[in-house]
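These notes are about the structure you will find just below.
Lettered A, B, C, D and E in written order, each chain numbered from 1.
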Amino acid sequence: AADAPSEIKIGTLYASSGRYASISMPVHAGLKLWAEQKNAEGGVYVKAFDKKIPIKLVAYDDQSNTATASTLYNQLITQDKVDLFVADSGSVLTAPAVTIARDHKMFLFDQTGTGASFFSKDNPYIALMSDPVSTIWPKPIADFLTKDGPALGIKRVAILYSTNEFTGTQANALRKFIKEANAPIEIVYDQGIPTETTNYTVILNNIRAAKPDAVIHLGYAPNDIAFLRNVQDLGIKFPMLFSIYAGLETELLEKNVGAKGLEHVFTYVPPSEMAYPVNFGMNIADYRKAWDKKYPDGKIEFGFNSVAGYTTGLVIEKTLAEATSLDQMELRRAVFSLSGKLKTLDGTFALDEMGGQVGELTPLGQIALNDHGHIKFVAIYPHDVATGKPVYPRP
Amino acid sequence: MASEAASLLEAKGVDAGYGTMQVLWGVDLDVRPGETVLLLGANGAGKTTFLKSLVGLIETRHGQIALGGHDVTRMRSSDRMRLGMTYMSELAVFPDLSIEENLKVGAQALGHANPGARTEELYGLFPVLREKRRNAASSLSGGQRKMLGIAKALAAEPKLLVMDEPSAGLSPLLVKEVLQVLSRLQGQGLALLIAEQNIGFLGVATRVFVLEGGRIRFSGTVAEMTDNEALRRAYFGLK
Amino acid sequence: MSPEPAPILAVNGLVKRFGGFHALDGVSFHVSAGEILGLVGPNGSGKTTTINVISGLYAPDGGTLTYDGASIGGLASHKLVHRGINRTFQIPKPFLSLTVRQNVEVALAYGRAEIAPPRLSDLLEQYHLADLADRPAADLNSSQQKMLDLVRALATRPRLLLLDELAAGLNPTELDWIAGHVRALAQSGLAIIVVEHLMGFIEQITDRVIVMNAGKDIFEGPLAVAVKVPQVIEVFLGGDHGV
Amino acid sequence: MLAYPLIAGVLFGLYFSLLGIGLNLVFGVMRIVNLAHGDFLMLGAFVAFGVFYLLGLDPLLAVPLAFMIFVIVGIVLYGLLVPRLQGSRDPEMLSIILFFGLSQVIEALVTIAFGTSERSIPSRELGSLTTTVAKAFGAKPEGGPVEIFGQSFPAAWVISAAVSIIAIALVYVYLYRTRLGTLTRAVMSRRDEAFATGINVDRVCAAAFGIGLGLAAIAGVFAPFMFGSVTPAFGADATVTAFVIVVLGSLGNPLGTALGGVVYGICYMLVQTYLSSWADLLPYVLLILVLLLRPSGLLGRKVRVA
Amino acid sequence: MPDFMRHMLVIVAPLVAAFAILPGVYDNHLLLFNFVIFLILAQGVNIIYGFTGYLPFGYVGFFGAGAYGFAIAVMHLHTPAPVAVLAAGAVGVLLGLLLTPLLRLSGAYFAIANLAAALAVLHFVANPALEQITKGPYGVALNGTFNPTLAYTGAVIILTLTLAFVVFLKNSSFGLALQAVREDAVSAAMAGVNVVRMRVIAWLASALVAGLAGGVFAWYVSVFYPDNVFSNDFSIFAIVFALFGGVATITGPIVGVVILYGIYNLIGFTTPQYFQLIYGVLIMALVLFLPAGLVSLATRRGWNVP
């Protein structure tokens, strides 16, 4: 091909401060790690020009402010004229990018914005890189409860969720899956609470009064931290306790809740614990090493989100190697062509027709402590990936 | 030199004003220990402004102010007052504090630890204040506030008391009582500098200064003032 | 004696309480157009409170207020202003950051509509505020602010004017000057209630005074008579006094 | 069912009072809208992290330490910022901008220094030095829950409520029983008259400002225990909550803040129990209702207008 | 009213013309759009704070309500977008009416109660129980109406109307009366001003302006969450911009937005690393060294700033 550019411009945002900083920064750090690693190798192979070209990451700080994010997204497209357009993480900060991408006919590499409203048949300009869409995410929990639960003695389930898009959608999905299964499972407590909630003592007291066999808590990391700490502070032992971030941001939770507080907690098993076989990019162990080397000060936690950012990088790399031009619809075609074929440390990359991620699913697992008090994961459901049996009820 | 050392308060060539507007032009005034000086002047002549610059509430742009022999021209108000001068402003009270607390603050601002006995004495002067001593000062009527203001300024047992229109708004009865109180305090050696319009105060004054348009127009004894036909006409009103 | 004109304002048994404290405890008096009524009494006897109630700042807790034949107790201040009642404040309350001119302009624009407004420049001139017209009211000292209060009140074209210690802080010459103005206003047909502690001033301008004590009216009549009433002397004047 | 949220409301409410009391001082005395109040709370939490993770000591020791540090920080900041601010025409409103800027700076610096992620301290570490004290409250050793009227509550709640009561009592003593406090209230009441009375207004205000920040920092020490974790962005929400509590109780009155906190706490817990998804709506509705019924807060009083 | 026409010609017309032309020369239309939005909001703050002294700390409540008003009109009533913008304005006014009792409060009490009201509206709108109507926390996606060019035009029209209203306030006895009310409500009443009605009118006008702005904002962005349109950053920015420029003038808030929001974006584009830090320091420095707002530079010299 003719005039190859001297660099491929990838535009993205991050939030160094504010409400969403703690989810945005690890994702962005993962993406940056990928970019720097590639540039150290002289760039990425771009099929459109049939050569290796360095990457230029154009990244602005939106400070968790969505109005700022909108202008900055626009800046990336209209002024910086980036070749590839990557959203900030989390649904709230991704939301403005969705419209803008569509308006400017730019294909949006959506890192972790799982909002159901982003994906529609009439919008071809988006695909979700690493998180499963919220509507299918809790399937393994529901299946475990309805299929294995009754035999274990799980009959009464409590659902507590934070009323935001991310966890609210999961709660709706979970409820639906349980009802559809027609299993002898009763939902004895089902409450949404504000996402800003940071103390659960009174709520826990109410849940306890409902005498559930399993408590499913769906909330963000700070919710999980406060929730699990309160459970510990009150000395309550629910027979089964599920929390999302015990698995997704294990390090963070371990720091804040302590290993003891996580023992026997059910959670999603993150890619870092599954050691998925990869056919592209670093595997989890190598990535961890690279991460620790680049971010030794521990200001940004290694976890699910850091894997997500790196995964975005890998998808982009593979896309560039696949696309015959940098035309946005061609990029889309290339991304979708990877579906089901690309296997990264985050699992199998697979998209539904609207761009939702359906491949990188997270099994249900349970946290156990080894003899040294270190955390390890036992995958429980689905059975084909299971590495052990659940400990139920919690001793 | 001897007379200078004898002055308790001495202002020389004071210029002061607000923002771009100069109000005072080279004002000279002195108060000797135990003396009562009356500052007269028309509405807007600059009496209040001058008192404020004496006690340090506004900056003195030129000139010097000495208090008990110390140059205090650049001193902040709280430090000046610690030298033994208190000020009764036109506002005079802390509206959100009770009467009793107002008196306490008056005393404590200058470091008097136990104002208790003094407070009783002041209540003796103004019984209505004792009656309302737990009420917020904001509930007081205009004249009651004046009483409180006077009492508050006295609570600190100053050597020199600077008062801005103590009689404005007081009933005739109270004006008389205030005059009595002041002459009693004079007897105890308190020096007074009073900006007033009420010529009743001439009775207790030793000397008079008259401000006009921000300049001293006259200074002298009460007798000298009453002898001056033009001044009488201007400041005593003609009937 | 000519028959008394019908009063423009009649106050009957007015009561105002603050918590358990009776600031007004049954005050009655009346005032007619063209008349200057003095309202005097010891500090805290309820003079300002009377004015506050008449001008609608506080609703009365008892008694009646009849203005122009209609009851006005509890009406909002601005409505009373539109009917022709206005006042000055003992502690003046101008619009501090507006200029003197703007202070008066507001009153000119929102005052009583029936009457053609007086000329702003005349008003300022008369009360010695013309030089200060374009300065913020915060730059005025308290007596100038009181004059501004008065000018603002006049700008609303009142028929009943309540003056709360307008003259406190003026020297005798200035008192004469303001007395002349107040008399002229009364001659032009205004009813005026004057609260003041300066007996000379009161003597000079009023025909009749009401002496208040502890929320009640204890005397009505000429000041010359009042000064001989023992109770008035005891609570208000003290000993002998020269008018 | 009702007893639990009520007791919880009182305990947590007392902590809420602690959250607001420093703000009340600063606002009441200087009419400064300290939008960075929550950021000082956050910094207080970081003092606790330091005491625990660097020195390995009981985080309770961070209470006096944080107080002292931030009293000094407050006095210095006062000198740098406030006199200049007071010289302007409308200091109360400008303080909003100034302290908004300060809050941005604090959050940015802390983020640069420590990163953005959540931090906390294990619950049982709070009061580890003073298990005797905890036992006196009926706690089992190792920071187990505390029984009150047969209901169990996190030990941290009880400890912070106790500290809060002590702090409020001390603020009350300071304001109403000490010389400095009387002068402070005089300044609160009318600044210009305070100058005229000979009060060293700057010194009085610097002290109040310092104490206000110190109290914020103390509240911050407990934040990781009461809110699970703390991030550098924690400040903004905390500031809002603190304002709500202070205004609920009425400005300038520490007892009002105590009452405001407890009322807030009880309502919060009741709503969380009976209408949990509306829990965040109700405190605000409560505030509005209280203010409409008593426009100057629960303990506010009416002022004479003319 | 010659001053009215002169101000319209000298200030409003060039500004509106500039924003009509700019999209042709500068491609980041959303940046321009946000400028217009903040110009509207800052003037809205000017109307209520500058002219009546009520600081609307929760101004975003009207903005967010307007945005949801727009969304609901489009989703449920299928109105065309311009009509939905009017509906958004109506929602703002309705919310304003609902909140008129707040005007009984003053100073910080009002500011905080207003903030509480905004948060209450946010939590109300975002409650899952209202999913059928507002989509609760799950966010709104409006497909049929998406049209950035028209939405931008709408915003410029709203800006023009808002400015015209401010010019009117500045040049009418109505505006003067509002300022009188701000200075002293009792005296204003004695000047014959119906204080309550004045305040309510200004309040509703300012609510209308924010509601309309929220409506066009929703129209432009199409996809948003409650957190997006109820972010209190909108309130704080609008207030900071207005105060920084100088309230109770026409030009102050304009200058404030152009400079501060300009710098804000400039920092964002050029030095992203320490964005927050630099912006915070800058704001503090401005307050300390230019405390009375930018227009004071001129007024101090005795110039009259419209």
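Going forward, a contact is a pair of C-beta atoms (placed from the backbone, for glycine too) under 8 Å apart; a residue touches a chain by one contact, two chains touch by 3 or more.
What you are looking at is a predicted structure, and each value in this text was computed from that prediction instead of being measured.
Undergrad: Applying the touch definition from the top, give me the chains sitting in contact with each of chain B and chain E.
TA: Looking at chain E and chain B together, the chains touching each of them are C, D.
Undergrad: Does A-D or B-D have the larger number of C-beta pairs in contact?
TA: If we tally the C-beta pairs in contact for A-D and B-D, the bigger total goes to A-D.
Undergrad: Which integer distance in Å separates the CA centroid of chain B from that of chain D?
TA: 43
Undergrad: Find the geometric centre of each of chain A and chain E from their Cα atoms only, then give the gap between the two centres in Å, rounded to an integer.
TA: Here chain A and chain E have centroids separated by 37 Å.
Undergrad: Roughly how many whole angstrom separate the Cα centroids of chain B and chain C?
TA: Here the centre of chain C sits 29 Å away from the centre of chain B.
Undergrad: When the centre of a chain is set as the mean of its C-alpha atoms, what distance in Å lies between chain D and chain E?
TA: 31
Undergrad: Chain E: which residues touch two or more other chains?
TA: Each of 123, 127-128, 186, 275-276 in chain E touches at least two other chains.
Undergrad: Of all residues in chain A, which are in touch with two or more distinct other chains?
TA: 16-17, 163, 192, 194
Undergrad: Give me the residue numbers in chain D that touch at least two other chains, ranges are fine.
TA: Within chain D, residues 107-108, 111, 236, 277, 280, 305-306 contact more than one other chain.
Undergrad: List the residues on chain E that touch chain D in their complex, please.
TA: 49, 55, 101-102, 104-109, 111-113, 115-117, 119-120, 123-124, 127-129, 186, 232, 236, 239-240, 243-244, 274-277, 279-284, 286-288, 291-292, 296
Undergrad: Give the list of chain E residues in touch with chain A in this complex.
TA: Of all residues in chain E, those touching chain A are 27-31, 34, 37, 123, 126-128, 136-141, 143, 146, 148, 221-225, 227-228, 231, 233-234, 264-265, 268-269, 272-273, 275-276.
Undergrad: Which of the residues in chain B end up touching chain C in this complex?
TA: Checking each residue of chain B against chain C gives 18-19, 21, 40-44, 48-49, 90, 128, 139-144, 146-147, 165, 168-177, 197, 199, 233-238.
Undergrad: If you look only at chain A, which of its residues touch chain E in the complex?
TA: Residue list for chain A touching chain E: 16-17, 59-63, 65-68, 70-75, 78-79, 91-92, 95-96, 98-100, 102-103, 115-118, 120, 122, 163-165, 168-169, 192, 194-195.
Undergrad: Chain B touches which residues of chain D in the complex?
TA: 179, 182-183, 185-186, 188-190, 192-201, 252, 301, 303-304
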